[in-house]
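All chains are identified by letter, namely A, B, C and D, in their written order; residue positions are counted from 1 within each chain.
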């Protein structure tokens, strides 16, 4: 079988949910990955959407986080204030899964505005949504986005959501209860915070990708792990499930 | 007690230029029909409040109805940007748009404070984020028991909240279910409440997961079948995902947008 | 994930002497069967938390299981005093009982803060009352936006919360409906959660007004049909008002009380 | 027909709800009066109980505030935190209706402890329940209790719930939004706060009762209004409805 780099990204993002019990699912790429995980590696994964659903089991990939099927298939539907206060803030969720527009070397995230240079107005992004508190309160955080120097930048134009702040100890000083980002999964590979420096380091590349490609597509001098790994190629089962999802086909 | 009125009369009676207006519905039950009526009646200078501005506020902003937006996530869910919102913010077209920008958790708690008639709410939020630097409605409080510093957000109390619900009875009691979002809080936080409904029935039979707003908390109920389109009303309609996808092209271009609004919204008034 | 266990094993595993224990249910769904099992297992030195101590805590207090009570209204609803509670407070029998006393609004918000894992909650309460002078868990905060001084109450986070519900499924998902009181908050505020149920079913069909606690928020589910008696479980049993009225005479006298507990609660263990 | 003094109290308490749209109903005597009002003078009265019911229409008098019928007949049932935060505190309720153990001349209430003198332990009362915030937040407050020097005292042993504090302006200084107690209805008559002094003044006696009896049954020198009125005798309809309620009989 052949696959696209986006498929590699989503398959690896789904795999990163192995062992998770509960996942707070951000809009977009995270939703595809989390739903793929439920069909492959972690069938019991409890999906929680900020629209107020606990334990959604959609048979098709929802376009938005508020598609009716998310509510219809949920164990419980609660109000939006409740999902943020009683469920997210309370620290009940294992993994927060987020997309991003800009990410820096400490896995901080900007989804607010882009500086387009002197004399030009800021470029407007959608804004924070649930991200600041998802990244603060979940046991750990996964980020998924496409690898490019526009997305992975030396300096954020705006800090919407804190990952590892300005490095080791930053989360503790800010009083952020969760462990923060543990992996950034892209279409080229996977970056993980270095245990010493908290700086994102390339630990895996996808089959057919080189470390050099990832370094070139990163806006800061990306460190590469000494024991750089290559991710396992997608299995036929993973690709089949993903393509069914992407086509909006119901569960087999 | 809620009066059952036509949508035109209800909007004319309850929504005034210059008002702070919250139109809620978290991807579900978004009150598009009421927004279109507001556009037809040329209500303007609004402070629009909504967690997820969505296509409904893209339309109001693009038509120049808003001077300020209070929000937490301004995209076309699953599709991309809200081009009219971006054009207003980036280029001031058709008029500049002031922003007060929060996280979802902050906005949700601002409504909770509003519904509780408290001046603020407390959350563990915004830590390390640049968001507080751009908002006058984010501050801090210190826990008097533990000394921990927490975020405080100012209550939202709209002049008028507009929501869409599945049903009302003839006394004006309102029932909604499915994703109930933050509608109860938005309604209870407001001075005036307008509810559009799919159906007016003799009796509200209990439904799983339903929220009921008693008639005495609502000012007007207006019948507006399919009034959430392209959003949906669980049990009545389904989300028109195709519309959301096609909105991207319509809204990218100022003229195409104005033409679409003219043909699909304003013409009804002629 | 919740384990389905016998009531005896669930209490032995989850409720320990010295614990802070919340047993909630606002006149409805009061977990009497679990309290009786705690009495039989001689769990003691408890800090008991409950908005309305009711006959269930009258029994635990009278049997000497509690060293402290956190509450807001300690009466036999519609009947009169809780005599064992009074005897403990007024005369230290069978042991002194420390009190932390709130209003209902304060207690409800303490659970909300606990469920939200915030250290405190804010309300407009206690103004002019002598209650704050007797409690270390009532203080004030100042709104950073308006300068208004409001009451702050410390979060409640019990070691274990025990509730009674109508149903659970075989995976341990719990469903309750009717007057749902403060049970969701009490459960979500606790480190451990024990739920007794009227029935264990294959599937939890949605029910109007139902609250669902997913299995992953519960530690143990124990089958205890009629386990809320003399309180009730809507849809399964009705409140035994006669019992509440007869409790007045039973509980007035120490010996009559001990005899009743011996015959109706302790004997089951022999 | 003949009647008891308790029946006079309840009938007059029910009458005091004329014109109210919504009533937050305390446990005990207030519940009897509020349910009687729904059967007589104010059939559309919306009853709100702290157990979380909005618009209960019980066909029998509930023994407790949590009887199943209150939920079964309600327009909506909400959680206990919600009833206090979104409904009571928000100032949505016209009338708060409370019982009391001790009331002073400014209609402040003690339901916490009784001082039984030196060397004796305090007598324990049930405690605050919802009263402090009901009296603070409702548009106005009605109190109902039996008239005796033990109940109507010169000085409270404990201030559980503020009525008019220490007199005119007290509620405003404390930041209490509602108007506070407007009437104290007893088995002998009705006391209302004097518009100038805020002190409870005997404005009405029930048929067959004298002002002197009420003054003698009051623990402070009770002022008597110059235009003291006599309450209307209970009508046959009122008494019939009340007795059916008291017997636990369902609605006719």
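Here, contacts are C-beta pairs under 8 Å (C-beta built on N, C-alpha and C of every residue); 3 or more make two chains touch, one makes a residue touch a chain.
Fair warning: this is a prediction, and the values are worked out from it, not measured in the lab.
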(request) Chains touching chain B and chain D alike, please list them. (result) C
(message) A-B versus A-C: which interface comes out with more C-beta contact pairs?
(response) A-B
(message) What's the distance between the Cα centroids of chain C and chain D, rounded to whole Å?
(response) 28
(request) Give, as an integer number of Å, the spacing between the C-alpha centres of chain C and chain B. (result) 39
(message) Show the residues in chain D shared as contacts by 2 or more other chains, in ascending order.
(response) 85, 89
(request) Could you list the positions in chain C whose residues touch two or more of the other chains? (result) 112, 117-118, 123-124, 148, 184-185, 209
(message) Per the touch rule above, enumerate the chain pairs that touch, sorted by label.
(response) A-B, A-C, B-C, B-D, C-D
(request) Going by the contact rule at the top, pick out the chain B residues touching chain A in the complex. (result) 26-28, 51-52, 71-75, 77-79, 81-82, 85-86, 89-91, 101-105, 108-109, 111-112, 123-131, 148-149, 178-182, 184-185, 209, 232, 234, 238-239, 241, 244
(request) Would you mind writing out the residues of chain B in touch with chain C in their complex? (result) 116-124, 137, 139-146, 148, 150, 152, 154, 206-210
(request) Would you tell me which residues of chain A are touching chain C in their complex? (result) 21-22, 46, 54-55, 75-76, 85-86, 89-92
(request) Spell out the part of chain D that touches chain C in their complex, as residue ranges. (result) 27-28, 50-53, 62-68, 70-72, 77, 79-81, 84-85, 88-89, 112, 121-124, 126-133, 136-137, 158-162, 165, 170, 174-177
(message) Give the list of chain B residues in touch with chain D in this complex.
(response) 112, 115-118, 173, 184-185, 188, 211-214, 216-217
